[in-house]
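Okay, got some structures for you below.
Each of the next two complexes has chain A plus one more chain, namely chain B in the first and chain C in the second.
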Partner chain A sequence: MNDRRELLAGLHLLDHQILDCDGWAAGKVDDLELDVAADPTTALPVVTAILSGAGALSRRLEGRLGRWVESVDERLASDRVPSQIAFELVSEIASHVSVTASRDDLETGRGERWTRERIVGHIPGAGHAPE
Partner chain B sequence: MRLSDILGSEVFAADGSSLGHVRDVRLLADGPELGAFGPALRVHGILVGRGSLGARLGLGRPEMRGPWLLKRVFGRRARHLVDWGDIASVQEGEIRLSATASPTSIGSPSA
Partner chain C sequence: MKRLVGVMLGVLTAIGGFMDIGDIVANSATGARFGMSLAWAVLLGTVGIVVYAEMAGRVAAVSGRPTFDLVRERLGARMAIVNLAASFFINLLTLTAEVAGVAIALQLATDVNYLLWLPLTALLVWLVIWRVRFTLMENVFGLMGLAMIVMAIAVWQLHPDWSQLWHGASHPVVPSGEGHATYFYYAIALFGAAMTPYEVFFFSSGAVEEHWTRSDLSENRANVFIGFPLGAFLSLSLMALATLVLFPRGISVDHLSQAALPVSLSLGKIGLALIIVGFFAATFGAALETGLSAGYTISQYFGWQWGKRNRPRDASRFHLVVLVSIGVAMLVALTAVDPVKVTEYSIVLSAAALPLTYFPILVVANDPDFMGDKVNGRFGNAIGSIYLVILVVVSLATIPLMIITKAGA
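Let's look at the complex of A and B:
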């Protein structure tokens, strides 16, 4: 349940840490998806999802750097770009944003998963958990 | 549409004069129910002004009393709160207000 009724999107949401149901970091709030009516004067836009990851952040980076980051994220993604967390999964907005799902089930962890599978997993000994 | 499509956009009054850029977006949790979150957040307005550095440092807020010099330099920039209903169109990097729009001058957002 959200504990604040009024928020400023940039101040209270953007760049805040996302924590999963177990308290693990699951990315940052890089952007928000808004559902806007075709005629903006007829209805208020509704925040439907948190966008996280390089693909979401790229829109906030100007010029060539933003386009390059977006392009890299698109190449790494096997699913939709940018990664999203439906707002139904948000349970609390405070100094961080808590969600009710595990980070393994969220799209936002795909960069870390890609690194684990494609790079770390190929390092000799990577498959043996420390005992 | 994304939040980043709105943030930073230049805002024009109906007569074509520029009010500044969108500095933040005001949300209220009064939309349809969304699972564990409760009422969905809806965009009720935009915070428009000039001079992002002072705003980002929070120097436009009345409760910020100092540092005195920075407050003098950055704290007096004009800022306006525009209701979403006063927006006529949202295009790439540009928001135009309707002729009946009446932006509210504010010293700070009520956060």
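Let's look at the complex of A and C:
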């Protein structure tokens, strides 16, 4: 998102649904990455990335449950934890957050891709909508 | 005209869809032990589900967003995951009870032990979710469930003393030999059976699956305000049958066959055949709803793509959750746990968890950001708030009553 807007991140972003460029659900805004020193003129932190997925969520859950979710996610993940969506990709912030990329190209889409490629895609009929 | 047919179909589907294994067991068991003296609990629960299902349907139609999506956004990640864990566990318990219920209905029809029917039942439930279009699925099992109207005919055919039945329902007293704690424990079971949370998870997600918009609000109201009370009428018929046939003979309901017994006594073989078809449709339909709800709740919390309207590969995590849940439910049922006990626990624990589901719905139905001019009216809010108080009281009383009464023993 190029235009700078001041938002109450907790209210307008956190826990909102992410939709990709084709309208598919692509996770929730589980956490945000902030750059505190990015804008010296206003002294406001700037959101640089959306963090989404179990890794990001676990840090907000705290306690034993959070640690457990985090350890599971670290074991399953092949790349960086938690998964990120660069904030430049965000095209709209409404009751949901839209991004300009396809969910298949996002780092946060690996869980869905893994399930599709390893399990669900192999079941007969997976490629046909119900009749 | 086409619209009217659609509305009619929706109402008929809602009648059949209202009943599930919980309603069957709770109404039959309480009729056998307490006569009609707990009919008020069914009415209380029915008004509650009508008020809140209407709200959930309206929220889904106007905002395009189902219940659990909003639970996360309103309660925040931490509170909502506690809610999710409780809701998912209770839903899984209900799914287990429904799957076992289908297998028992098949046992009643064939005399083949229900344990042998369980794998086939689970496979069929999954196949319907995997392959059959949402609307077709809903209509077929809803309409088949109308076979349960045979219960009302059976009451009438028994030529009961109507004034005595009415007096039993309108002047509730605890029957001699039963304690107050047990009486209220069963009241909670009936209340929980009528207001089971999966009904709103399914109802609101179904509205999104069927692409409801503001123009479908009248259909929403017709389904809820006409269909659900008529479904409750079937529940009360079953309670009346148990009151007339089982109560005087001291027969308790330990098995689904005892719930069907009064119908066969009243109407013979044809009655028995119809009630088995009705039980099958009610439990199978509810197994589909709870199976889907398992996927709905988890996917909506985590923001995954969900829904039957897509190709399964496009909502793969949703379908994986549904598949695994049905598998787990089948395995639990295969351990030969008593299906009636599983049902009783599922409805009583549902009662304990009711505020978790219904509080967020009330909040969102009042939020103009989501609802625009379709926020709750003053009357709706008054009833909604009164019910919220009832839900909290029920929720607090459930576990102590469960311990005091040794789960209604």
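Of note:
Following the convention adopted for this analysis, the second predicted complex is superposed on the first by the 106 of 131 C-alpha atoms of A that agree within 3 Å, B and C clash if a C-alpha of one lies under 4 Å from a C-alpha of the other, contacts with A are read in each partner's own complex, and residues count from 1 in each chain.
FYI, a residue touches a chain if its C-beta (ideal position, glycine included) is under 8 Å from a C-beta of that chain, and two chains touch if they have at least 3 such contacts.
In this text the structure is predicted, and so the values were computed from the model without any measurement.
Applying the stated contact rule after C-alpha superposition, one finds that A:Arg60 touches each of chain B and chain C.
Of the two partner chains, chain C is the only one that A:Gly111 touches; chain B does not reach it.
Touch criterion met: A:Ala25 reaches chain C, while chain B stays clear of it. Touch criterion met: A:Val36 reaches chain B, while chain C stays clear of it. When both complexes are overlaid on chain A, the residue A:Leu51 reaches chain B alone and has no touch with chain C. Of the two partner chains placed around the shared chain by superposition, chain B is the only one that A:Phe87 touches, whereas chain C remains out of contact. Look at A:Asp73: by the touch rule set out above, it reaches neither chain B nor chain C. Residue overlap on chain A between the chain B contacts of one complex and the chain C contacts of the other covers 14, 60.
Listed in rising order, the residues of chain B touching chain A in the complex are 1-7, 23-32, 34-44, 47, 84-85, 87-90, 98, 109-111.
Within the complex, the chain A residues that touch chain B are 1-2, 4-14, 31-34, 36, 40-41, 44-48, 51, 56, 59-60, 87-91, 100. Those residues of chain A that touch chain C in the complex are listed here as 14-18, 24-28, 30, 52, 57, 60-62, 65, 95, 103, 111-112, 115-116, 119-121, 123, 125-131. Against chain A, in their complex, chain C makes its touches with residues 63, 65, 69, 72-73, 76-78, 80-81, 130-134, 299, 301-306, 308-314, 316-317, 319-320, 369-370.
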